[in-house]
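The same subunit A turns up in both complexes below, where it pairs with subunit B and then with subunit C.
Entry: the complex of A and B
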């Protein structure tokens, strides 16, 4: 971006949706990748926040007794919770990569212009990371 | 018609005040980058090494918390993540809660729960006793405690 003498910021041209009449046109966010990255960032952030509250409390049991800690942590080692952990890690990985995308959009003009492409890069990195995590995690969950 | 102050004019309150929203914006980005390193490392060590989630027990965590490196790792994660999360929830409260009293009550709950959990978690990490309960549960604790 270039800052002109009056302090006004000249924004770079923005990709506009070309999806036919049903897609809302002329907006930066509504209905396209920008909106979905925003929605997913909020949903994953909220889910991670409430897990964090529980996780601090369950870890605090390490200070109570070995028996209390092992009892609660064994709840995380069941098949159902093992699948829940895939969802949790999926939420964390998306929030992490999309957060980096947001930072790049904020500070780097190229990323601002190509924010829709960058959403799909985030999705691609998420798929690769989850393909590396999920099989190994599920083997650990289901073989014990 | 209400006059809207020009951007960056300090909201008409006259300069010099700390711009807390700006520092919140910076905090979300700085802590976010650090949290990617801390949480990805946390997940890798706890879920991908050894037997993954199945290896986690009192003994496993006691072994980690005996090391100042993991103590500081966990405390940094606790502070950065909980404040990052609470500030994110504040954004949602501002966006979706329109009744002022409910909004204020939720923000007080956010500050209170964040402060309580940060104090609790920090005390747990730094006052942790790896030989806790060695007399009652000798099978569950590290072998050095019963020797």
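Entry: the complex of A and C
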């Protein structure tokens, strides 16, 4: 099947499996949009979970004393927190739109055939939403 | 134009296509001498119409006889040679060299999530165990009419046609991120084979299978990453089949 060219039909000497040692790690699985949307969904979901944990705690402070609540909330009124809110809204918007996509995949046969298209629709909706939100929000954050 | 081009091609068949060098990097593991798998390079001479399986044969037959991999029919039916080729689960016997980017080395490694035995061979037993658990055989409550077969309409047969194509190669199950981290998950292949009988009009045990799959490690583990659908060498819409089983579980019947 091969080796007809070059004349050297003789098999090369058997080499020990030590030749060409490389880092002993497997390759990253190359999934398509479906896999990466799941990865993003997990990351945003976990991030939102930790935000909610903190958010419930700081909101619960109002039961302790209104002063403590005000002190904590005013600590959030910084530019860095404002940028963090952009990231938070970005994560929530993606998680929400992609969650609708997953529901459609589970209950609508058509969606299982067109999940890649739907992923890019989710990305498009995310971009539109963030284009509307981010400038308005940043004006608020940096104008006082 | 067509004629003049065909004539020399037919006359000088030997000068038509030359084999070219391709680098294959195989992830090798010998349980007797190694702690961890290692990557090893091989240079092989390939034609565009050769398959990854031909490259592995060339390595095993001409360069290193210790290379271990499974293959039986070599024509995409037996399902023995599922492996991870350039990071995607494929059958080595159905992956042509011309469909890969050979300016880069081709990475070949065992499928993920099942215990590695040697080189490209994994222990398939956990995979087959899940398959057996879903009762993948016809269970009719009444015997067929005497001298007759069980009648089924074209539409009834078409209902589960897609999932009859499975060859149990494990490309889908071992492409599933849920299965990698949770080996207890039934996995796409077992659910596909349950689907094949759940939606078969001649079978009467759909409820039993739905009950088995309505388990913590059943269909609800599916996160719709579509890796299984993309990996299936038979083109089965695996994620769609799983979604249909999910809906059948919610309805409580097929």
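For this structure, a couple of remarks:
Throughout what follows, the second predicted complex is superposed on the first by the 114 of 144 C-alpha atoms of A that agree within 3 Å, B and C clash if a C-alpha of one lies under 4 Å from a C-alpha of the other, contacts with A are read in each partner's own complex, and residues count from 1 in each chain.
Everything below uses one rule, namely that contacts are C-beta pairs under 8 Å (C-beta built on N, C-alpha and C of every residue); 3 or more make two chains touch, one makes a residue touch a chain.
Note that this is a predicted model, so its numbers are computed, not measured.
Residue contacts after overlaying the shared chain place A:105 against subunit C, while subunit B stays out of touching range. In the superposed model, A:82 lies in contact with subunit B only, and not with subunit C.
Residue contacts after overlaying the shared chain place A:32 against subunit C, while subunit B stays out of touching range.
Of the two partner chains, subunit B is the only one touched by A:45; subunit C is not. Contacts of A:90 after superposition on the shared chain: neither subunit B nor subunit C is touched. Shared interface residues of subunit A (contacting subunit B in one complex, subunit C in the other): 102, 106.
Across the interface of their complex, subunit C is touched by residues 1-3, 5, 11-12, 14-15, 17-24, 26-35, 37-38, 102, 105-107, 109, 112-113, 115 of subunit A.
Within the complex formed with subunit B, the subunit A residues making contact are 42, 45-46, 48-49, 52-53, 56-57, 59-60, 62-63, 65-67, 69-70, 73, 76-77, 82, 85, 89, 92, 96, 99-100, 102-103, 106, 133, 136-137, 139-141, 143-144.
Within the complex, the subunit B residues that touch subunit A are 29, 32-33, 35-36, 39-40, 43, 47-48, 51-54, 56-59, 61-62, 65, 78, 81-82, 85-86, 88-89, 92, 113, 117, 120-121, 123-124, 127-129, 132-133, 136-137, 140-141.
Partner subunit A is touched in their complex by these residues of subunit C: 18-19, 25, 27-28, 30, 36-41, 44-46, 50, 54, 58, 61-66, 84, 86-88, 107, 109, 112, 175, 177, 223-227, 229-230, 237, 239-240, 243-244, 246-247.
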